[in-house]
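Per-chain residue numbering starts at 1, and chain names A, B, C and D are given in the order in which the chains are listed.
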Amino acid sequence: AQNGGNKGATAGLVTDVGGLSDESFNQTSWAGLQKAGKDMDFNVKALESKRDDEYIPNLTKFAREKRTITWGMGFKIQAALQKVSNQFKDQNFAIVDTNMGGKVPKNVAAVTFKEEEGSFLMGVIAGSMTKTNKVGFIGGITSPLIKKFESGYRAGVKAANPKAEVKVVYAESFTDSAKGRALASSLYNGGTDIIYHAAGGVGKGLFNEVKTRKKGKYWAIGVDMDQSKLAPDHTLSSMVKRVDVAVYDVMKKVKDGKFPGGEQVELGLKEDGVTYSDTTKKHVPAKVLKKVDNFKQQIINGKIKVPATEDELRKFKP
Amino acid sequence: MDAVEMKGITKRFPGIVANDGVNLKVKQGEIHALLGENGAGKSTLMNILFGLYQPDEGKILIKGKETEITGPTVAGELGIGMVHQHFMLVDPFTVTENIILGSEPTTNGMINKRRAEKEVQAISDRYGLKVDPRAKIRDISVGMQQRVEILKTLYRGAEILIFDEPTAVLAPQEIDELIVIMENLVKEGKTIIFITHKLKEIMRICDVVTIIRQGKFIGRVEVADTDENRLASMMVGRDVSFTVDKKPAKPKDKILSIRDIRVQDSRGVDAVRGLNMEIKAGEIVGLAGVDGNGQSELIEAITGLKKVQSGEVILNGKKITNLKPKTITHSGVGHIPEDRHRRGLVLDFSIGENMVLQTFDQKPFAKGWSLQYPAIHSYAKRLIEEFDVRTPDIHTPARALSGGNQQKGIIAREVDRDPDFLIAAQPTRGLDVGAIEGIHRRLIEQRDKGKAILLMSLELEEIWQLSDHIAVIYEGKIAGWVDPASTTEEEIGLLMAGYRAGTEVTS
Amino acid sequence: MIESLTDILATTVLYMTPLLLAAMGGLFSERSGVVNIGLEGLMTIGAFTAVVTTLETHNPWLGLVTAMLAGMLFSIPHAIASITFKADQVVSGVALNFLALGVAVYLVKSLYKGSGQTPDVQDVLQAMPIPGLENIPVIGPALFRAFPTTYLALIIVFIGYVVLYRTPFGMRLRAVGEHPQAAETMGVNVYRMRYTGVLISGALAGLGGASLSIAIGSQFSESTIAGQGFIALATLIFGKWHPFGVLGASTFFGFAVALALKGQLIGLTTYVPSEALNMLPYILTILALAGFVGRAEAPAAIGKTYETGGR
Amino acid sequence: MQVLSKINKQSSFFASLISVIMGLLVGGVMMILAGYNPIQAYIALFQSAFLQPFDIGETIRSITPLILTGLAVGLAFRTGLFNIGVEGQFIIGQLAAVIVAIKLDLPPVLHAIVAVIAGALGGALWAFLPGYLKAKRGVHEVITTIMMNFIALYLSNLAVTEWLTEGADKTKNVPESASLHWSFLSQMFDGSSVHFGIFIAIVAAIFMYYLLWKTTTGYQLRAVGFNPHASEYAGMNVSRNIVLSMMISGIFAGLAGASELLGTSGYQSIQASYTGIGFDGIAVSLLGGNTPFGIVLSASLFGILTYGGSNMEFVAGVPREVIRVVFAAIIFFVAANIVRWASQRRKKKKVKESNEKAVKSGD
């Protein structure tokens, strides 16, 4: 309201199958969009997709309403957005978490994150703080996106503590929190004392498990947003992905008539697109934090190139 | 005093009046027969007395007092017990468990099995009902199952016992045993209502008969004042002939020979143990024997439904041992199966569809892959008319036909395929005399047309009337061959019980 | 090595618990002759109710109780449709799954401002070590540091066995599932027994759902149950409709899951893709069935509607 | 009308219609309880399903796979089998279709045909094992098909990451030559994603009708389903018919997967969980009385409610899950035959009254 002159501007958001309250990028981006709506007087609306086959109709629905901009959330929606954006050439679209295979259409803005960079910092924290020299990683379903988290994390551990071993497991699910719990329990029992996850709902199991264990000895690291409230005494840090900020920024550009069509907006540590959570300082000693910031700086100024795939990780030398 | 008096009982089912003002008066201490054709409404009337159905009209007096029997529990309290036409036994349960179900003796809320078994043993000893209290129902003979049914009523202290067609499923010896039991019960002061289609049995043990036809009360007569013929005509509404008219057989070529075959039952135990048999064209061979002596296995082995372990089956000079059922059927074997619901019919198919159960994929019923309904329907119509199968139309599900008409349908199907060799297993089980008469005539007709027929029946009388030769089966072997014209019932009885009588044994 | 064994056992127990509870529920229903495809839905309702109750009252025990009540409540439509109205039991069970999942997620969205999942429960049920027993080597830490719901499940198996095979109630229930007409003629009220069976199944399946949402997990969403109800159904058949059979089957399944997880932890993923390892429990189950379990005999009257005096 | 009356064995089309209305009422009550406006919601629902050609097209698209999975379940039911494994067979159908689509290089149309056939065969293959184990080893098909669902899910994910791509989340898009997209059709519905699959579905429904009721194979399948003992007696091969039935059921499921993949999504991706289309097929089939025409009708109802339901959430803010409740209620009402029950009660009451009158006048 305070920003007049944006009357009639509208925005739509189509989630992937995770839905609006996935405590992950769908939820955060929706938060960002809502905030943008309030601050900049956009009429905002969201559509949840229950199945892959709903992406196209949902995107089309917004496009047909001639929304000023239509957001698609997640890499899964890429093919659909490609199709719809091609069909509605006069409409603007934006997508999160994929670069459209490197060829971003003129009417689309692609926002991606360097998850590996944030995960690297998590690796540094884990590597520095482990007492057993064994840290863990629980992945959701094996996929390039989750591999980015894993690679960055392992690189971070290696950089901070070459002696530490990283145990990697995949739940092959994003929802089975019981599996997450069983995996976490086994990892902890096997001597691992810090576990980072990139497994959506499976990660809930990690927090449920760590909560029941000895304070100060076993730790969990969260992902996507600050997850410390799930286990306040056991959460070292969270790798925060600022999807809300990214969405907000794009919306601001839209309002100012500077829609970044055809561009790939890639957000890393430098752009503050990924970072560690504010609550990190609660359990991570200043000394370690300093180290983390040090690495962060090196990444920002390009001294360290964080690996995003298994191949790059193999070649990675801290 | 009258133990039971039912006055003007009417019970309607959708589309049918099963009981239409039926009266029944049963004196204390008598055996009272209830007689009627299939579907006359006997079971319905008894189910009303037992509280399973509520009558639409009418009154029931028990020991002179008008009562409303709202359920089996109430019936039980009134001292009424019922042995149902179709056994009401839980297969995986033991004898004792079946008997105590619903009124279990307990200690601390747990079933007191030991006490129950003792009680069951005591009652069975008292009335001479031999049972093993610990045996599982599925492992015991039909006769013993029936005794369990009787024990169930006695265990609850029943004074008035309803027996709904108890003898239909029993072998002759078992029937004799049952009759002794019934006499014992009456001696102990019990009252019995006895349903049977076998007039001989009525004449033998009953005091009074009530006859119903098509749901209506026809009459009540003292057994002493009547005879079988009069009962039959009251029941059917016309005269019935009991003697089967048949000319002497003119046996021709050998159609079937069975050489030394062995067959196992479903538990893998040898049931047929080296059996030999020959049947010629134009004769009926009766297979007599107590249930469970390998009859069913023998028939299933001939028809390819069970594996022949050793030996061979030869039809018209060709080996058909262990061929597929389909091949055997097509090589000229017809089979009226023992259990018409399990094997004989697909109850959910229409009666028309059931008529082509084996031939649906042959011309003219099928052209290539596609069924030819016009041909199937006209064929079914013809059979239904020819064999007098009473059904509203050919599209009626087989399930909705009465047992007798279902059976007629099966016979029509099997006979019309014109097989050289026809197996008839228990072809008249549970049917009324009218229906039986017709079926017997059909079988004789087939014989006279030069077919070879194997007739298996637990009913000695049936075998007696129809067979040209009788093979008595005992423990999986033919214990002896007898000629019905020159043998007494005792002699066969002995063979069936395993005693070899020298001269008659031919193979 | 020993540690691994303890670990595998612990995971087995963790995975077994909800399945065991739900399958025991199914057992009561199916033993009375009513197929219960609706276990999935009943677990969902139990999971949901437990979470909401615990969030509101901060008492997870109360959560268990309400989960059982809610499970019972939701089994009523199934009972009415399939027993009183003689609907096909499979149809009715499928409808129940639709109903339960629909209602639960609908309520979550309505209660929590459109969110598809509940907030996190802080007061979840904690593992309950049994003093003394928990120190037995190998099995102690696995079996006797379990959740209360696990102990409950095991107790229910034993009580279930005693009730079904030692009490008049159990005998009548089984009789009704085998031969309802016979039971009726013995004065057993078939309808009442079947209703009771279905209601018990609702209570136990609800409890099973709760064990997932407020013991093992800590919140509810659409994917909290995610097929566990169907696996419970499979467990019930695998266990041949017998309490100890169900215990064995659910243990087998839990064990297979545990093996697959352990396989990853010891680094088998270098040789076998983790997806393949995750298939293991399902493959093992099929092999076990094909290999030595084979034919299972269902209660004879299962799936058949019953009508007084019908035949 | 004969066709319509087949929607449920015992109840007429009219009774089903009343059940649908009652189901919608139940949904309305739920909405009122949670403080929504049901009238507004339903208007949104039906408007969005029907008002514009585009939406009609999308509705048809969402009906397509439901018909096929419904047929899959229905055929198995007809032959005495409960195929809960349609979900897994669906996934394998998708997988097989995508492999042919992206690995083979064939001319247009032929490519699509081969891909569709591959999907059908994939589904059949996946259904074969449960059928075989049931026939030969007596293993309950409900367990095996549930297990096969999970295996299919993991197998598909494995195939996508390890074999079809180099560690990517999804395969590349199927080429135009293999696509079921048909621009003529799409244009007819204002560019919606309705595709050729709907014709496959309808042909499949007709095929099922013809197969079951007009052919010798169908005769055997039904006979074995109703009474295996009698079928054996009549010389039919019971085991072979059980396997065959499962495989035909699998073909329908596989076709559903292939048509979704080649027509709607265009690629196979890593799946975190089931699509649910297979499970929905169970409800569709049961509501349709397991008859082909009933299934087409109930799939249409389901599709309309589901597609319209998402819009209802969009427009009226009512959680779409209420649609599942509506559908559950409809199934309950149809299965319990509430309508017949109510009319019978009325009749009974009348009979009783007239009886009482008769008794009184008799006195």
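Going forward, a contact is a pair of C-beta atoms (placed from the backbone, for glycine too) under 8 Å apart; a residue touches a chain by one contact, two chains touch by 3 or more.
On a predicted model such as this, the values are computed, not experimentally measured, just so you know.
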Exercise. What chains, if any, are shared contacts of chain A and chain D?
Worked result: C
Exercise. In the touch network of chains, how many steps separate chain A from chain B on the shortest route?
Worked result: 2
For this session: Count the C-beta pairs in contact for every pair of chains, then give the pair with the highest total.
Result: C-D
For this session: Taking CA centroids for every chain, report which one is farthest away from chain D.
Result: B
Seminar exercise, completed: Per the C-alpha means, the centres of chain B and chain D lie apart by a whole-Å value of 45
Problem set entry | Interchain centroid distance [CA atoms averaged], chain A/chain C, Å | 35
Seminar exercise, completed: Taking each chain's mean CA coordinate, chain C and chain D are separated, in whole Å, by 27
For this session: List, in ascending order, every residue of chain D touching at least 2 other chains.
Result: 154, 157, 161, 273
Exercise. If you look at chain A, which of its residues touch at least two other chains?
Worked result: 48, 142, 172, 175
For this session: Pull out every residue in chain B that's touching 2 or more other chains.
Result: none
Exercise. Between which chains is there touch?
Worked result: A-C, A-D, B-C, B-D, C-D
Problem set entry | Sites on chain D touched by chain B in the complex | 213-220, 222-223, 226-227, 229-237, 355
Exercise. Tell me, which parts of chain C touch chain A in their complex?
Worked result: 3, 6-7, 10-11, 14-15, 18, 112, 114-117, 120, 124, 126-127, 212, 216-219, 221-224, 226, 257-258, 261-262, 264-265, 269, 273-275, 278
Seminar exercise, completed: Residue positions on chain D within touch of chain A in the complex are 54, 58, 61-62, 154, 157, 161, 167-170, 173, 191-193, 260, 264-267, 269-270, 272-273, 275-277, 307, 310-311, 313-314, 320
Exercise. Residues of chain C touching chain D in their complex?
Worked result: 77, 80-81, 84-88, 90-92, 94-99, 101-103, 105-107, 109-110, 114, 223, 226-227, 230-231, 233-234, 237-238, 273, 275-276, 278-279, 281-283, 285-286, 289-290, 293-296
Problem set entry | Contact footprint of chain C on chain D as seen in their complex | 30, 34-35, 82, 84, 129, 133, 137-140, 142-144, 146-151, 154-155, 157-158, 161-162, 273-274, 279, 282-283, 286-287, 317, 319, 321-325, 327-329, 331-332, 335-338, 341
